[in-house]
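In this document, chain identifiers A, B, C, D, E and F correspond to the written order of the chains, with residue numbering beginning at 1 in each.
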Amino acid sequence: MSELNLPDFPESLMTDSPKSGFALAIKLARLGVKATQPDMAVLKKLRPKYANDPDSLTSASHVIAAHFQTVAAANNWWREEERGDEQ
Amino acid sequence: MSELNLPDFPESLMTDSPKSGFALAIKLARLGVKATQPDMAVLKKLRPKYANDPDSLTSASHVIAAHFQTVAAANNWWREEERGDEQ
Amino acid sequence: MSELNLPDFPESLMTDSPKSGFALAIKLARLGVKATQPDMAVLKKLRPKYANDPDSLTSASHVIAAHFQTVAAANNWWREEERGDEQ
Amino acid sequence: MSELNLPDFPESLMTDSPKSGFALAIKLARLGVKATQPDMAVLKKLRPKYANDPDSLTSASHVIAAHFQTVAAANNWWREEERGDEQ
Amino acid sequence: MSELNLPDFPESLMTDSPKSGFALAIKLARLGVKATQPDMAVLKKLRPKYANDPDSLTSASHVIAAHFQTVAAANNWWREEERGDEQ
Amino acid sequence: MSELNLPDFPESLMTDSPKSGFALAIKLARLGVKATQPDMAVLKKLRPKYANDPDSLTSASHVIAAHFQTVAAANNWWREEERGDEQ
């Protein structure tokens, strides 16, 4: 399969904390947008529209949630047995 | 990966009850919105619009549901064997 | 984490039947709405709009479906071995 | 939890075939709609609108897909070892 | 449960390849539409609208994705151990 | 089941990295669109509309996220034990 241009794509879905996993989910959501519209100048131009529309923001949050499901499962939900030092 | 500014992000997805897990899901849904629009003043200005639009409210509830799936799985659904004292 | 005001939140996701689980999913979907708009008077005022819009009803049903996935998994899908007396 | 009026709710998510499971998913999607709008006369009046709008139909199909995920998992996807006589 | 008219519904979710599984997911998405609008003449009439609207196409693709999750899980993702001869 | 015309469909969901898996998810999202609108000339004509609409881009990213859930699960999330050489 000829691959798309996906620079900076993470080598692994493993992260050391839920917070880093959430940041990865955000990154994946944005990479999904760039896959369809790779022109950063266009994306920048569109930003004022969606960043000020509550429904657009909720939709963006939904995509992050979908990726966070994947990343959290990949990391076995950062369960306590593997961390043990928190909460 | 350069991380976003995600202050107050929980250290763990573990919670002591479904209720706390639901509160965490709500928090994650909001952090997903803030990831795209970090300006709290803008978010406050948008609130009257989405908080009075039933479809916006349903969409927000959907994002919470997606995160609650993740948090509930992380906590093994707070199953009875680990609690035993309710229902 | 400072918790939201979530009165009447169930102590457990365990239910004795798929029907009770579905009722719980409906409740969770509504709690997700109330998390964003806690003012019951506003919610009551919005009701005629979404309750008569087929797309709003379908969206509400979608959120219930997402929560039912969670509740059903929590209950191991109320599989026969644990019930044995039906179907 | 005071339960909603959900007559005819199935006693079990177990079905004898994918086809029956799909029919159950359709039923659950409709029960999700009725949970928000229980008035059958209203639902009947709304039908011409959504039944002739392709996006409404796709959304309805999406809710069915979500419930089918649940029902299929409940039935262990009707895997061959439990049926053995097909395909 | 009185079943809907679902002719040609597959006897099994098992398929011999990801490709056949994807075709099955497409079929399930369409059956979900037909469950709400069984009149093929109406569906044919609606086609020009959604087949030329990019958002309608994306929504249709989303439903297929949801069903493909189900079908792929049913087939244990057609993992290599069960095939061994590809990639 | 008579299959759709799905040329270039991958033989396997297995990929050697998250990046290749994400590329596969993008491909599956597009194949879902082509299943409904196979005419490439039409798809090309529609591109300016959705590629410049932030909500369309977010929706496309959501479909990719759904497929990435499937592909990541298929690959056991490319967990470290199977790779060991990264992060």
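One rule holds for everything that comes next: a contact is a pair of C-beta atoms (placed from the backbone, for glycine too) under 8 Å apart; a residue touches a chain by one contact, two chains touch by 3 or more.
It should be emphasised that the depicted structure is a prediction, and the values quoted were computed from it without experimental measurement.
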{"item": "Equivalent-chain rotation between chain F and chain E, CA atoms, steps of 5 degrees", "value": "60"}
{"item": "Chain centre separation (chain A, chain C; CA means) in Å", "value": "27"}
{"item": "Centre distance in Å when chain A and chain F are each reduced to the mean of their C-alpha atoms", "value": "15"}
{"item": "Interface hub residues of chain C, defined as touching at least two other chains", "value": "10, 50, 55, 59-60, 62, 66, 69, 73"}
{"item": "Category of the chain touch graph - line, ring, star, complete, other", "value": "ring"}
{"item": "Chains listed in ring sequence, where chain A comes first and chain F follows it", "value": "A, F, E, D, C, B"}
{"item": "Residues of chain B that touch chain C when the two form their complex", "value": "8, 10, 17-20, 22-24, 26-27, 50-55, 57-62, 64-66, 68-69, 72-73, 77-80, 83, 86-87"}
{"item": "Residues of chain B touching chain A in the complex", "value": "1, 3-4, 6, 9-14, 28-33, 35-37, 42, 46-47, 49-50, 55-56, 59-60, 62-63, 66-67, 69-70, 73-74"}
